[in-house]
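Each structure below appears as structure tokens.
Both complexes shown next keep subunit A, but they swap its partner, so subunit B is in the first and subunit C is in the second.
The block that comes next holds the complex of A and B.
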């Protein structure tokens, strides 16, 4: 059943590429939407078959592939990957929907979109380290192409920077996986926690450190974040939606699944430092967001800040904190996708994202009132206002981490307050005030606001409205997602204690 | 005093000298183009329809809701039925709140002969007579009057302004509807003809007496008696132009009402929030009262103008902003007509005293208008014609 989640997007991509003739871009887009709609339906089908009470891997499928390498095609889903599969399915669809007016190589564009979606599914489902790595790398090239071919003015620089950073991330991760096999002396890439009996703490720390930096680049955590604002600034709106909403989650998923999951003992050893790193990342991201003039860079830096919460929760590794981490991944996926969509609408209609130029966009007849209203809801959710998804996730993360790391948690809470600061700046500058043309006397060369803004087609706003509804729904009724992930995150939180108990029993 | 961020101008702004020359030469302020003709005549026609309703309601309020301290049903024109209340609540109606807003602007700015009379001794004597007769039969007013002796006279002053504005708009409504007929019949074919038509209408009605009396317990009692000598042009039309076209009132949410922010001049005479200064863009925003007028006019737009609005910018999506923009142009025409109608001497007179007097008149207006949104008066480039 899980294999279908790979077959649907990959075969869809293949079909798009070999589609005969030169169909209209709109036809290709519809085809991609159809495939991704099917993928979403199948993900829901998997959800129906999923047993939330079971914290173990479910619906496992395995085929022995290259046995001598330890590469096994083994898929499975648990409470950690299930919500992320749904987010991927949903946001891939949103992304295809938002890909309007792709006139340049539309076949390739939508095929790449489908490949990314399938690769992300594969990475979330993989129950073998090498298989995970394959899918993790598979998503890299299409995304690089999407930025390098369909990006903005400075796309070559941004795409190359993205490629270098993520390639290094991949090398570190692969190195850690191979190193693990090497020091264990057996080609076993299955997902089982490493025991102290098998490896010394020093070896565990080195291997986990490599994974930590590898996934830290992807998350991204400061100081490995510098590729992200560039990539977002140059990527088109649908690519930003995918990047922020889904691809960053590969990093946090990796932290939880492989760093915490494989090396629970080493993780517990460095956790206090990780919590401080998380706080630093949160504060740095938030403060950097405050000084941005480009709306999209501001939202990108907010991602840097908000992904730090996941590291904090993973460091604390209490059942509540880990549940909070899953919530934060889902809610950040939805909220950042929403914000990027809306920034994309503003950019498409006004031709600028400069917060010094934009003003008064909430003007009811000549502005972008619906976009502005959705943006206000989005930034409220991002700042963690009660009643929306952001509140639930931040509350769980803070509640679960406060006892373990009070200082780091308090610093992260300051970061949450700073979210309100920079997003209120954004809303206040771009949307409130009086809509007016940019005076000709102002020395802004390439960005001017005209009062003859074209209206936004209501149909184009449907994805943003759906995302807003989901953000509010998740904030009001978080129990469903909680039930889905609780068993898995609780099981994960008990790993360090479990490993310690086994170790002490072995010694005794 | 801190300068309020001026509305951003798009078109050209004529200088004081240019405006003065235009007025003295008898040229219209608004450029004479077919599109302007369509906009001005069309919007004034719908304005005429709306003013008809406003005028009837103001006169109804002044006569039938007189000294009613809680006039809950004042917008229903006496027809208090569940169906009408329901339609009122659903906003399937004319927004009489805008008429009230204009009345308040006039009442508050208090300029001209009408206001002078409202502060005079004979007016107060009439008030006392009315209040004596009314309080004898109305226990609530009987209680309120001794407690707040200034309250009922102030209500009567307000009612007098309401009635006067109702009478003014009666004339203007008929004039604007007649203008539309004249355009249809082909007698008015240009912006100068429109201005002249309005000027003639104002001049014809200039001497109309403004009177107002109320019926209290079967007896008709004067509030603005004929002896007060109040007339249409000088005592009502001019204060109306001053209060609504020029000074106006700042809209909530567009400037700070905090005195320390010093965004609003402490001198009412310096106010420039009137129709000729307003930015049409915020129309339909919260706290922008003319939105109500635009909504009312939207319901009565002539088809030709409505078709043109559908074709430009966002079509129906921003139609009220477009109506407001056209309305501003038409109000420049009305102001133009009022200026032309109040020149002390004919424009072609060559007698030096007359020329000097006309020049003074033109200069005074040009100075006030130079700060207004005169950038809307050019031909808009690129606007498709219907």
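The block that comes next holds the complex of A and C.
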């Protein structure tokens, strides 16, 4: 059943590439949408078969592959990966939908999109460390291509930077996985937590440190974040949607699944420092976002800030906090995808994303009123206003972490307040006021009253509207997602305690 | 098994939903999907659902009088030890405030139909007001802090959108931003308090919290911080010093929204504080801060109001001032008086803003120096102004007279200072009211007031109804049961209240008002006048301190990010490129060197591995 989630996108990509002749880009896009729609339907089918009461891996499938290497094809899904699978399926579809006007090598473009989607599915489903790593790396090259070929002006620099950072991340992760096998002395790449009996604390800390930095690059956590704003500014809108909505989640998923999941003891040892690191990352991202002029850079820095909450929650590792981490991953996926889509519309219609230039886009007849209204909802959701997905996520994270790390949690809440500052600046500058899309040099001579932005096709706004509805729905009725993930996150929060109990029993 | 509750009570959760549904119903017109026949249907639909809310509310009151207060709650979200519930308390007090809120919303919406008659985005206004009303109705009924917070934030959002209603105007843009950010600061602090309470007390139901606070073992510092966090939210909502700036700027928004903001929204904020009041025993400092903030807001607001030349601003500061008195009452544990004052002030202030709105709608002007002589031209508006003014100050036996009497009586013995604050505020407000009255309704006619017919019936109807209601206030207040009864103060107190009001009236009637020389020629006087007119320069102080600090920190972070972090990354990149170029030239081609290097590397690797192993 889970294998189909890999087969659909990979076979789809293969079919696209070997399809004879040169169909029109629009036809290819439809084909990709069809494949991704199928993938979404199949993900929903997996959801139906999923038992939320069970905190363990479900629907496991395994084929032994390269036994001597410990590489085993083993898939499984639990309450942590299930929501992320759905987010991936949904946002891949949104991304294909938003890929309008790809005239350059459309076949390759959509095939790459499908490969990314499949690889991300694989990474979320993999129950074997090496298999995870394979998928983790597999997603890298297509994304690099998407930025390097279909990107903006400065795309070569951004794509190379992205490639180097993420390759380093991959090397660290692989190194940690191999190191684990070496020091354990057995080629076992399953997801069983490492106990202190097996491994000294020093070795655990070194291995987990490598993983932490590896995933920290992907998340990204300050100071490993500099690739993200560049990649976002140069990537096209659909790629940004995927990057922010799905690929960053690989990093936080890795933190939860492999750092916390494999090394609960070492994690508990460094957790207080991680909480402070999270607070630093949140404040740093939020403050840097305030002064950005480029809307996309601003949203990118906001991602840096908001992913910090996940680290805070993971550091606290209480059941509520971990559930909050899942919520935050899902809601950040939806909200940042929404924001990037809307910024993309603005960019396509006005030709600029500069906040010093754009004014009054809410103008009802000549501006982008619907885009503006959705943008207001999106930024409010991101700022954590109740009734939308951001609030319940942040509330759970803060509520779960406050008792353990009061200072770091309070600092993160300040970061949440700063989110309101920069996003309000964005809305106020670009959407309020009198309509203008070019720099005002001579206010009277350039009283450009005749600006008429091309109307946005209502059909193109459908993904943004669907995302907005999802954000609101998740904010009003969060119980469903809570039920889906609770048993898994609760089981995970028990890990450190469990290990401690076993260790003390062993000593006694 | 207890008998099932009557249907209207079971369905009480619908009351906030009516408002929200009004928003949803308005959307087709607000977004322009339906363009035929103009946006009016959205307004009618909203009026209808608001009327439903009023009727449903009064029905619930009748049932509650018969079977006593009820509590409704549903599970909203629970995980591990966290249990978030939606709870509504149907007590008579809550329901009375609910009726007040929904009824004012109804009147305000009828008024808006006349006031915004020609506005192209009427439907959007009604959508926002529906949202506003739903959030307020929910806050009023809520029985736990979580729901209160949830809806207070929604109020923040809708205030932002309502203030930013005419978003193309530059002043509106800054006003909406400041309104949102100021309230957001208060909200984030409240969120900190709420998260802490949720973690420490386990439940967020007010009754559980009251029980918890009685035997909690919090360290004093935590208790103090908690108390300060909890009062910050209501402070922002009620436009209390130092978070009062937004209400003044919010006057850039359409007047019907100002009516609601100055009467019922601030009431909602104060109501949340009222519910938090028993928790404040944990933090004596928070109580002292409340008293200080209330006193500064009461006196400062009243003084600043006197120096304003803008018709709406002259009264928005007075709202801060009255809410300051409410804060004092709450801090001194006088909930009944606080509620009465909120009620009396809310009705009278709404009427005052309707009257002001009529003036603005007729003359298209809100500058006091350009108005005059409207008294004979607009009789209903003048009447409304006079009755509202009488309702606000302690001279005639209308609403606030009884509140001030009760407050002075109860405070005089133990806190004479705060009783004096009440009297002083009373006098200053009287001064301000009569000053504005002279400038707008008396005086000679000015160009802008030459042709000033009375407003259309859509505005006149709610205004006149409310005039009657304010005039009947004492009777209504006597009906709402307050424990001591409203006339339980002695003649001395009554004389003090009337005396302070009369003094203000007299001074206001006699002071020289010169429209041409509205800014005094005497230098010291002018400096005081400027100080008050610019609200103690609060906005400049903010810009020089907090705003500058955050902006500076943000610029520093960004610079650090660009130069240090990113610079380091790029330098490593360049260095590796350059060293590769260099190494390219250093390749010897000797086989032996290669083998040696490889061997050394392998040995190093193996040693390090065996070290790990051990």
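General remarks:
The criterion applied here is as follows: the second predicted complex is superposed on the first by the 494 of 508 C-alpha atoms of A that agree within 3 Å, B and C clash if a C-alpha of one lies under 4 Å from a C-alpha of the other, contacts with A are read in each partner's own complex, and residues count from 1 in each chain.
Keep in mind that, in the parts below, contacts are C-beta pairs under 8 Å (C-beta built on N, C-alpha and C of every residue); 3 or more make two chains touch, one makes a residue touch a chain.
What you are looking at is a predicted structure, and each value in this text was computed from that prediction instead of being measured.
In the superposition on chain A, A:436 makes contact with subunit B only, not with subunit C. Applying the stated contact rule after C-alpha superposition, one finds that A:141 touches neither subunit B nor subunit C.
In the superposed pair of complexes, A:396 makes contact with subunit C only, with no contact to subunit B.
Touch criterion met: A:164 reaches subunit C, while subunit B stays clear of it.
After overlaying the two complexes on the shared chain, residue contacts for A:179 are found with subunit C alone; subunit B is out of touch. In the superposition on chain A, A:319 contacts subunit C only, with no contact to subunit B. By the touch criterion defined above, A:455 lies against subunit B but remains apart from subunit C after alignment on the C-alpha atoms of chain A. Comparing subunit B with subunit C, more residues of subunit A are touched by C. Of the two partner chains placed by the overlay, subunit B and subunit C both lie in contact with A:363. Residues common to the contacts of subunit A with subunit B and with subunit C across the two structures: 360, 363-364, 434. Within the complex, the subunit A residues that touch subunit B are 360, 363-366, 434-439, 451-452, 454-455. The part of subunit B that touches subunit A in the complex is made up of residues 5, 7-8, 10, 254, 279, 281-285, 313-314, 317-321. In the complex of the two chains, the subunit A residues touching subunit C come out as 161, 164, 179, 182-183, 185, 203, 206, 222-223, 225-226, 284, 287-288, 290-292, 318-320, 323, 360, 362-364, 369-370, 373, 376, 380, 383, 385-387, 391-392, 395-396, 398-400, 402-403, 409-410, 413-414, 416-418, 420-421, 424-425, 428, 431-434, 478-479, 482, 486, 490. Taken in their complex, subunit C has these residues touching subunit A: 31-32, 76-82, 120-121, 149-151, 153-154, 156-157, 161, 164, 167-168, 170, 172-174, 176-177, 180-181, 184-185, 188, 191-192, 195-196, 198-200, 550-551, 553-555, 557-558, 561, 565-566, 569, 573, 609, 612-613.
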